[in-house]
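For reference, the structures are reproduced in the following blocks.
Shared between the two complexes below is chain A, which pairs with chain B and chain C, respectively.
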Partner chain A sequence: MTEFSAQVFQNEYLPAGAETVDAVITVTAHESVAPTTRSLVEIIVIDTSGSMMEQRGAKMQAARIATRTAIDTLDDGIEFAVVSGTEVARAIYPPRGLAPSNPSSREEAKRAVDRVPADGGTAIGSWLRAAAYLFGQRPDAIGHCILLTDGKNQHEEPHVLDAAIAECVGRFQADCRGLGSDWNVEELRKISTALLGTVDIIPRPEDMEEEFRALTSNAMTKQVGNVALRLWSPKGAQIEFLRQVSPVLDDLTLKANVVSPLIRDFPLGAWADEEQRDYHLRVRIPSGNVGDERLGARVMLAIDDAEQPVALVRAIWTNDDVLSTRINREVAHYTGQAELAEAIAEGLTARQAGDDAGATVKLGRAVQLAHEAGNGDTVRLLQKVVEVDDPATGTVRLKRSVEEADAMALDVRSTRTVRVQRG
Partner chain B sequence: MGLFRRGNKDAAKATDLPIIGAVIEPVTQPGPNAQPDPNTPVPDGSAGVDPDVTLPVTAAGSGFIGRRQRNLLPEIPSMPAGGAPIISPSPGQTTTRSIIPTGGQSRPLREQTCPTCSEGAPSDAKFCEACGTDLVGGEALIAAPKPLPSATEPCVSCAADPAEIEDGYCGQCGTRQPAPRDHFEYDLAWVASVSDKGLRHHHNEDASAIAVADEAAVVVVCDGVSSTSRPEEASELAADRIRDLLVQAVETGAGIEEAMRDAIEAAHHEVAALADSGPGEAPSCTVVAAIMETRDDGTLHTTLGWLGDSRAYWIDASDDGSLTATQLTIDHSWAIDQRALGDLDEETIAADARAHSITRWLGADSTDHTPDIGTHTAASGRLLVCTDGLWNYAAEEPAMAELIGRFAGTVINTAQELVAFAKHSGGHDNITVALVDVAARTTRLSPAPDPGATATPGTVELAADSPINSIVLPDETPSHNAQPHNAQTHELPTHETQTHEEQGDIDD
Partner chain C sequence: MFAPLAPFACNAAEMTDTTCPHGHASTWDDFCSVCGDSMDGGVAPATPAAAPEVSGGACLNCSTPFGVEDVFCESCGYDFATGTLPGAEPVPESKPAPMATTPVAPQPIGSAGASEPTAREAVGAEAGEPESSASESAPLTPGGALVAIVSCDREHFDNIVGSAGLEYPDPEPAPTSITLGGGKVLIGRHNQSRGVYPEIDIDASTGDPAASTRHAMLREISTGVWTLTDLNSTNGTVLDDATSSLTPGTAVPVTAGSVIHVGAFTRITLASPPN
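Showing the complex of A and B:
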């Protein structure tokens, strides 16, 4: 059994009349003595469209190797399937349904992967529907999907993909990977965000094997599925946003499921033991009188039907400026990280639109924020797009020639945050 | 990329692979195994969870409480000599009261004196004719807290059903419900105390207990040490226990100084025992306990015992009529100890992080719980006992004298105003103020009111020459914030921001 705890970081003191309450909530899953009985279903969907045969078949060959590695990584007993994605989804292994992982099924699966051809189009919505169908055979398990594509969703109308995503929400989690630079970041981000997974670029085919190994290993650490952050907020309150701020930014606000008039559930997906994530909540509540104390939110965790309170977000109105003007470090840090991601997104958009001045300002601000936060990984990604003259002031120049893959890497990884320095 | 390109010759034909789930129109003929099992139902979308798995979620506290820091006077006060000039009593009045008799200790019937107003009464009188005090239950009057909102009360803010209130917060509007300890008052007319959680702390860890026994006032004030666990239990236990033991001592005529030592020693052991019943640092608190007796010659004799940095002041009038305040206690704090040792200069002491730490307290981890015992005798004056939540804003004796001089109401009114002053000054800590004014005891009431007089229900009219103009009867429905009925109006305290700034941020 996994147990959860939560810690709230906030300045609960508000000046008279203020209505906005900010808090960072750190949720931790703790390993406990009781073993977990929750099983995992792993489905690997690989793009087998004709474009995978580009680079003299190197992409397809890398996909085969990576998939073989992922299969070998699976522990015995985990049920799995490998799916080929073109304009239609086809079973590579097993021919029907799911197979339990064991030495012989893994060998069979790898042989099937070796034989899979690459020929056809790209209709990702059909892949997702196929995965949902297969996961539906084990509705009690934690469902995890690795989805690889090298291209855009060309053989399907966008609304068909959207409808497929909507069908899959809450049924499994999907980590999406784009190979090379011919795929569309927004398309995959849409899927991974809705399905509580991650999105990233695999710039070179040879990087794929390690990525698949890591994704599979990580999926197998998950001990508890279907976790939701349950927020009670008072009458008249409005949840302005709830976003995951660590390890990556993810706005959960619109994913709320209404439990009762004052209670919303925000699905968090599956958790591994010792996993820790940070959330930034901003709630607007009716202002109290000076000296009043009110709850901005009760933070609970809901696992299946079990609900447990973990923390309180409070508001106390005061005339004491010393108290109300204090800035909470965690809230400030993650507000800065969100601003950083926004500056990158806006800078890249401006750059694509040919607005060099706008792009320089935004990406310069991004460099400055990443530098201040000690987010070295993001600074390095930015340096592939801009020449940094002075990170402290955000003085940058746009690079004249930029590898498309570098711009895409900056785009997909702009939401990665660094944790606030504590202690 | 939508390139329809033939794969290598070794690979199977794409069309040989089965289509999954038959959710889109196949563009090529599926292989022999491609048809989904028609008996396998398509999931309805509610897939995903194992109802057998339930997960306890553990709560974790938020926030951090640092070691209690205390502000100190820069100079060491000395025990004053008695015999200060008499000041005219402040126009006092009794307000509502709530009294529970101690019971058990009945004395031989004799000509008795009302313990509240000192009016004489026949030995068989059940009530004091002057003020209505119950004379049967026992000699000692022990103040009990006034009724406060409980679990059966609706939300104080939105009147939501009591069932909505969880952990002290309303389930509708989220408003924190007042806890009994947030603010409480005891009022025995000439002995009174007010305690408040202040503006910065979430709980009131101070406690007070007062009693009137055999014409002597018993006052105990305790300040729970915030950095320990359950300090509110320590302070309440200590205050109540010491009060009870002191009342017993007064009633049995025991040696007061000895009784004071014994009472604090007994309370220390009970507070220390709290540490066994839970985790965390041992529950701890300070204490100032006082007994004020009126001697046969009319002088006021006060016996004090204390540990920590809660204080007692003697308030009296000087020759020119202005008030003086004399600190009767010496803080047990690191800074005071260092000054006494004389090894360090004042600057070094003041800059030390330990300067405001207390060095003696009640509790299991106390290295020295020997109380200081002091006595004070004066012809007149008032006794003020308070926690640092008050004296931090008026630490120096002249400042305290000036502060008290602003208020001229009843004893309880003055205590209320002092608490209000501390809150207006920042309310950084819990505030507890106890006051004893023997002059308020000697107030006499006129005979029964004229039935024809237009009196507010629940009040009686007083004689024209009375220093007060009405009195709320000691009735069954004391209000939480009884308003004074005294004719004299006094303005709310003016608050010198300078005082606050000088103190700086003294948040724990």
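Showing the complex of A and C:
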């Protein structure tokens, strides 16, 4: 049984009349005394549409090598399947259902991957449905899917994809990867967000092998699935937002499941031992009198049906300005990180719409925020899109020629945050 | 010995344990599980130690009237705080146990030292009220320590109708003796995933499977004055020779010599500690 603990960072002192309580909650999964025997099902879905044969087949060849590597990374006993995706989904290996990983099944799977042709269209919703069907054979296992595409969802109406995503929610997690720059960031982000996974760009085919190895290894570290952050908040309260703020930004507010009138569950997916994530909660509660203390939220972790109490978010109303104006470092830091991601998204949208002035202002602000937060990775991504004259003031100029892949990388990676420097 | 301080400091929370300063029935004793207000208040409760007869309203589920201190409906088991029925959801049983110390959560401000003067006033104002019979028994020792002897009771087991399927332990575990330091003492069965670790752990003594995780609570409400409250346990709590179980959520006085039965065969005898 994995045990969770949490640490709350907040300024609990509010001025008279204030209703908004902000807190950063760091949740840590601890290695359990008795290791869980929760099994993993891994499904790899690779795009085998005709476009994968571009660059004289280099993309398809790289996809084969990456998939072979992922298969080799699987520990014995993990059940897996490899699916080829075109305008329909077809089993590559095994021919039907799932196969337990062992030396001979891995060899057979790799041979099947080598033989798979690339020809056809792209209908990602049908791929997701196929994965959901396969995961359905082991409903108790932790389900993880790697989904690779190099193109847009051309052979399917958007509402068909949306319906497929909705069917898959809560049944497995999906890490989506886009190869090259002909795919649509919003499409893959929609999938990965709903399915509690990540989205990223693989700019060059040769980067794919390492990415697949890392994704597979990471999936195998997960010890506990179906974890939810369970929040109690008082009568009359409103959860303004709950967002994951580390390692990546992810707004969970709309994913709430109502447990009872005062209790909401926010699904967090699977956790590895010693994994740590930060959440920013903003809750509005009825204000109290000066001197009153009120609980803004009780934070619990729900695993399947078991519940672990972990932390309290509190509010104390005071007339002491010294106390109430104190800014909590963690809350300020992650508020800035969210603003950074927003500035990048707005800047890229403006840039695409041809609004150079708007794009310059927003991306300049992004450079300034990333610089202040010490988010060097994001500064480097921004530098591929803008010339930075002065990071401290956010003075930038738009670059005239920008690689599309660089703009996409900035887009998908803009939600990666850095943690507060502690100590 | 600094013993008198600790029980006094706890008293403000103890007295209003199931009702917050605004009169909400709460399933927690640190903050109200309805409005979130600190159970310590900061100011003395407007209606200290309301008599259990005072009506708290009618159950939303079955319209049975309930007292303001009631946590659950006596008739249908409806949980007033969470609005759930027993069996419908795990909520009532899985509420965060006050016993479970959250690993890193800060202590509520004012739970101890800060509210101490208030606590004293509250105790002073209420002394001799509903627990008058209990307070007549002279304080036992500084700190009012009691010893709970947990043993198996064959006679009780044989008297229970419908304990079919349960077996009396063979060999019978030896009686366990637990010194009650004061404050709150939970009787129940430990549950790691819920973070419930009772002071009187039935699993570790008689292993009675018919006891609930959070079965009953012993509380020292004033030095040497103890009460017992059934926490809406599945199979009830029986005090002394009573023919029926305690009303869940209602505190009754107990003293050295009281005999508590929980589960199918567990007997808890309270005694003064040997000198």
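Please note the rule applied: the second predicted complex is superposed on the first by the 423 of 423 C-alpha atoms of A that agree within 3 Å, B and C clash if a C-alpha of one lies under 4 Å from a C-alpha of the other, contacts with A are read in each partner's own complex, and residues count from 1 in each chain.
Heads up, the rule we're going with is that contacts are C-beta pairs under 8 Å (C-beta built on N, C-alpha and C of every residue); 3 or more make two chains touch, one makes a residue touch a chain.
These numbers were taken from a predicted model, which means no experiment stands behind them.
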| item | value |
| --- | --- |
| Fit or clash - chain C, chain B, common chain A | clash |
| Chain B versus chain C as contact partner of A:165, first or second or both or neither | neither |
| Partner chain(s) touched by A:129 [first = chain B, second = chain C, both, neither] | first |
| Greater residue coverage of chain A in the superposed arrangement, chain B or chain C | B |
| Touched partner set for A:147, first chain B, second chain C, both or neither | neither |
| Touching partner for A:281 - first (chain B), second (chain C), both, neither | neither |
| Which of chain B and chain C A:260 touches, first, second, both or neither | second |
| Chain B versus chain C as contact partner of A:83, first or second or both or neither | first |
| Part of chain B, among the options 151-159, 313-321 or 367-375, whose backbone runs into chain C after overlay | 151-159 |
| Chain B/chain C common contact set on chain A | 1, 5-8, 232-237, 262, 285-286, 288, 291-296, 298, 300, 303, 305-306, 308-312, 314 |
| Complex interface listing, chain A residues touching chain C | 1, 5-8, 232-237, 259-263, 285-286, 288, 291-296, 298, 300, 303, 305-312, 314, 316 |
| Touching residues on chain C, where the partner in the complex is chain A | 28, 30-38, 40, 42-43, 81-84, 89-91, 94, 96-97, 100, 102-106, 108-110, 192-195 |
| Touching residues on chain B, where the partner in the complex is chain A | 1-8, 10-14, 17-21, 23-24, 26-28, 30, 33-34, 36-37, 40, 42-43, 45-63, 157-158, 167, 169-176, 199-200, 202, 426, 505 |
| Chain B contact footprint on chain A (complex, rising order) | 1-9, 30, 36-38, 48-51, 53-54, 57, 60, 83-84, 86-92, 95-97, 115-123, 126, 129-130, 132-137, 139-141, 143, 150-152, 154-155, 167, 170-172, 182, 224-226, 232-237, 262, 285-286, 288, 291-296, 298, 300-301, 303-306, 308-312, 314, 318, 320, 322-323 |
